[in-house]
Amino acid sequence: MKKTIALSAALTCACALPLAANAADIKIGFVTTLTTGGAVIGNDMRDAVNLAVEQLDSKMGGKSFEILFEDDGFKPEIGKQVTEKLIKEDNVDIVAGYIWSNVLMASYKSVTRADKVIISANAGPSAIAGKLCNENFFSTSWQNNQTPMAMGELLNARGVKSLYMMAPNYAAGKDMVAGVERSFKGEFVGKDLTKWGADAQLDFSAELAKAKASGADGLAVFYPGKAGGAFIQQYQQAGLNGVLPLYTIFTIDSLSLPKLQEANMDGIVGSEMSSFWAPDLDVPANKAFVAAFKEKYGRYPSHYGAQSYDAINLIASAADALGGDFSDTAKVREALKKADFDSIRGDFEFGNNHMPIQNFYARKIVADENGDWTTSITKTVLENHQDVFAAECKL
Amino acid sequence: MSVLRTEQLTKRFGGVTATDSVSLSLSEHRVHALIGPNGAGKTTLIAQLSGELAPDSGQVFLGDKNITKLNEPARVRAGLCRTFQISSLFHQFSVRENVAFSVQAESGHSYRFWSKVANNKTLNTRADNLLETLGLLDKANVTATSLSHGEQRQLEIAMALASKPSVLMLDEPMAGMGAEESSRLIELLKTLKSETTLLLVEHDMDAVFALADDLSVLVNGCLIASGVAAEVRTRPDVIDAYLGVSA
Amino acid sequence: MDSTNARRFGSGLVLVLLLTVPFLMLYLGKAFWLDIFTRLVILAIAASSLSLLLSVAGLPSFGHAAYLGLGAYAVGIPVYFATYGGADWLASYNGWWHLVLTISVCGLFALVTGAISLRTRGVHFIMITMAFSQMIFYLLVSLEEFGGDDGLSVDLRSEFLGLDKRFGFNIEEPWIFYLLCYGVLLVVLFIVSRLRHSHFGRVLAAAKQNETRVRALGVNPYGYRLFAFVIAGIIGGVAGFLYANFSYFVSPGMVEWTRSGELMFMIILGGASSIFGPVVGAACFVLLEHVLSRITLFWHLPFGLLLLGVVLFGRGGVIGLLKRERDT
Amino acid sequence: MDWTLVLTQALNGLQLGILLFLLCAGLTLTFGIMDLINLSHASFYMIGAFLCAGATLHFDSFLVGVLIGLAGTAVLAFIVEKSIISKLYKRDHLDQLLATFGLILIADTGVHLVWGPAGMAIPLPDVLQGQTSVGSLVVPTYRLVIIGTGFLIAIGLYWLVNKTRTGMLIRAGASNRQMLNTLGVNVQVLFSAVFIIGAVLAGLGGLLIAPITEASIGMGNDIIITAFVVIIIGGIGSIKGAFVAAMLIGFIDTFGRAFLDTIFALFMSVDVAETAAPAVSAILVYVLMAIILVWRPQGLFPPKLR
């Protein structure tokens, strides 16, 4: 009997625990991946967000604010669950973050249904840019198709006639393939969609053998996060550098380069990728961001970090315009839409679907003045580019 | 008239022939004892009769019916039931539940999902009657595990009787029993003759001679003798092969 | 207090807490707790259905999450078609139609896979049930049109025509939906309890203890087990049906083998011997998950330790602990 | 059809088979002898990889990394066996499943806390980096090292199990557990030894694959399910069965992934083929297991005398 009561008491306490109130005036939820292999990206985003918070001195629009980080565990259903929690329990004013397209797709309705604003700091699936676009959705990254479209143009510029492509089998992976297909003028000699998710396929030997046998001029791949490192290792071991030139999309970044350098993967130095950003992008806000990030964390930021940094500063610009009052969502939308802040990409403008209109560049892996590997912009591939799905959006 | 009959029943395990062309016949309302040294194939034979093992060749008949192809539950429903050498009970059930379940098994299918089986008067009354016959009624509410070894053997028989078998095969029912318990069981088994036919596998020769009307001797998988007990036990080859050794 | 009364008191307490606490939290402005309790109750339904196999029949099915997934997609796919067009014969927002689909799909799947799985024993049974649920997992992953790996957003909850208009029974309303789930849980518990104590249940219990003897008494347990397998599958499917409506989202993640393991854990955690074990287990599981993940990002560590502790030292689960206290 | 491609895929299938075998050898023995379902075998696979990665980077030598990885895994296996696993031998399969699942959660989080979430790449020495030509076939040298190591281990295990006294006890235990007690064996020591050998082989599998895929958190959790499929197909407790089934699954999985889309494309649209093929090739393994379980419930090579 005593234990029955003790148990009930324990349960009641467990319920009461979260009742302790949060102090800040403005609360921003930030959903990202902080456990599993995907946490590499999540940690970089968190670091960039914390840098922005520090630079803003935890104040926006004259009010104090705080960021509530939540872990999506790399799973759409968990991402949705924590989003619901941020909205219903923590009562946040805005939700931001989201690395993965599938997590975003599962979660965004929980936010829009509560008539609050959601800002994607990475994921940009086609549905939400087009048919399912929502007035409460904003992005500080890109639509999934844009970077691969830039890749297609880059491949055309480099004279590639036949292409083999590999990507993971999930929404973004398919969007990437579709994007390259849209702008690449040569022929696809093969493509592979590999298993993704918590138990993603990391041994690409079978696919690489097929790619090699296909006789393609180039190999384009999209492998974000830890899969990228694994892919590069195998690309090098299979002796494909020199035989089958590598073009990457969101596969090699500031997160994987130090590791690749440590493992002597020098076959990839000089390989090219398409991106909207690089650490050496010649914009004052970017230079300042990269310098401050390196100062604080001792490494280059990745584009994930850059986008997250932009997301917080975008929110801050809206807070400044509204005097820190986020109670009227219509006004918040209005203020965000102006994008009146110093973005790391220079001028920042939203399209009708609230995706940024922006330049895309070719960037190349080089060693910096200290011998550390980084990426450097070689040419502009697309200028002031708007994603193709914007036309389907009724906003 | 024979109620249970086998024809040329053969079972091999690898190179070992466990039962070798055994042809056995049981007559109605008699106790037929099956004896033989350890490893002679008695348990294998019982297993083939009950349907637990399929023979490599040969037939089994219950009455006129060929039951060789029937599986174990179907043979039980046809009237051929067995007990186990090592008590095989439902240990989490009470003694009454053990027997009541056996009665339930006999009384047709159990696709009844709603009424509480514990409150079923028909099952409980028949179970209690059987327990009374076996002298276990005062233990009806304890769990089967808490019974003594001898009592577990008795419960084993009560459960088999619940199936109303026309032939009951008893695999060493006296194993591990004290002298007093054994003699009580012998008395009980004698009274069963009027209701059923018994196939008795037993090592206790006193029990065998006290009970058996007919006697079969199994050695190395072969049936070396089968017939009226009084005659078989005096046959020289039987004494040589089996009785002589143990005597 | 004797043991039967104590058990009744405990069961009553659980049911009363489940009915009062979420509404108390709602009153206190903690709307999210209604969500947590809804999840809890739905998982309790799933765990109860599994307990019919695991605790009553002694069949350790390691693929029960498949039914959650099938039930969920039986809601997700018709709603998807109703929203975006296509497959007119399937498309519908009608909750009764979803329920019919759930029951027939899960029943059929359980019948076919059960008929095969029940030919095996012990660890082979564990593995073959897991294999079938993995097949469903990869099937759902390959259903490109319904989102594949990414899952499928369900735009609206099922509509129960007839009930909605006449009684204002609109399950879009979270507290009404909670009451619906709670009601289903009560019905499921009642069904499981009845089955457990019926003639049918006694065959399962007997076959769990000593299959050889059951056969020697003339009963072939195969058919009874298959029936239990189908019933458990259907109830598991109903839990999935509710889950899809609850979360507005279905994904193959619901069928991962770890989810099947979690359902088993709930039963062991709560105590396999009691009908309320799975409910208590699901409650502990969901609340622990929530509380631990608030305290630390690395909540899997204490959770793993707890799992280990419960298995090594906590025989009989939470209910067993309570019982043991009375015995001493 | 391009025969070089087929040959390359065959080598890849062989490699996956070898890895599965390394994982399954221990799994099937612990299962056969101790009657233990050990999900946490997956954790030793991961820990072997991480220990090797850490040591390789620290000492700048892959060889030292391998040795430390194996030794570390052995020590850890010893501790875990003594403190936790030994209490599970007499429990039912359900308890074992759950307790060792708990161990996986602990190990995954533990590795995250020690090495961070990023995973670790293992640099290979130059000798192993290059390519080797076998006739017209050019394959990464390191793949050959994995395959060679695997075969050596398989031969070694064959010798251990079939030619030594310990092996005789292992066989006896796998086919009839009660027999061990009657033989007057110190069962506890035998169990510990088998568990540690199994764990070290799993660790070896992990550290061999890590230079290819990187050591990452939860790397063993997906392959462990496949490994269970392998030992069920092979017959629980049989090293020979584990070897044959591992090779079978390795080939089916690899060839399925490589050629199924081409085969499907023969009778359906290319787009459908390309999306259906990965799913179907993932299911193949489970379908095979279901068929084998129905056809031969004891697996292909059940240990005799059971």
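For clarity, chains are labelled A, B, C and D in written order, and residue numbers in each chain start from 1.
The rule is short, and it goes like this: a residue touches a chain if its C-beta (ideal position, glycine included) is under 8 Å from a C-beta of that chain, and two chains touch if they have at least 3 such contacts.
None of the values given here were measured: they were computed from a predicted structure.
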Quick note, more Cb pairs in contact for C-D or B-C? It is C-D
Maximum distance between Cα centroids and chain C occurs for chain B
For the pair chain C and chain D, the C-alpha centroid-to-centroid distance in angstrom is 32
Using Cα averages as centroids, what's the distance between chain A and chain B in whole Å? 75
With centres defined as the mean C-alpha position, give me the chain B-chain D separation in Å. 49
Quick check: how many Å separate the C-alpha centres of chain B and chain C? 44
Check each residue of chain D and list the ones that touch at least two other chains. 112, 275, 278, 282
Counting only residues that touch at least 2 other chains, which ones in chain C make the list? 141, 148, 298, 300
Residues within chain B bordering two or more other chains: none
I'd like to see which chains touch which, written out pair by pair. A-C, A-D, B-C, C-D
Can you list the residues on chain C that touch chain B in the complex? 194-195, 197-203, 205-206, 209-210, 212-220, 224, 227
Which residues of chain B touch chain C in their complex? 50, 52, 71-77, 81-82, 84, 88-93, 97, 101-102, 104-106, 110-118, 120, 159, 162-163
Once bound in the complex, which stretches of chain C touch chain A? 1, 6, 9-10, 13, 17, 21, 25, 28, 30-33, 35, 141, 147-151, 153, 155, 247-249, 251, 253-254, 256, 283, 287-288, 290-291, 293-294, 297-298, 300, 318, 321-322, 325-326
For the complex, give me every residue of chain A touching chain D. 34-40, 42-43, 169, 191, 193-195, 198-199, 202-203, 205-207, 209-210, 213, 226, 229-230, 233-234, 236-239, 255, 259-260, 262-264
Complex contact set, residues of chain A against chain C: 1-4, 7-8, 11-12, 14-15, 17-19, 34-35, 71, 75-77, 80-81, 84-85, 88-89, 101-102, 105-106, 109-110, 169-171, 196-198
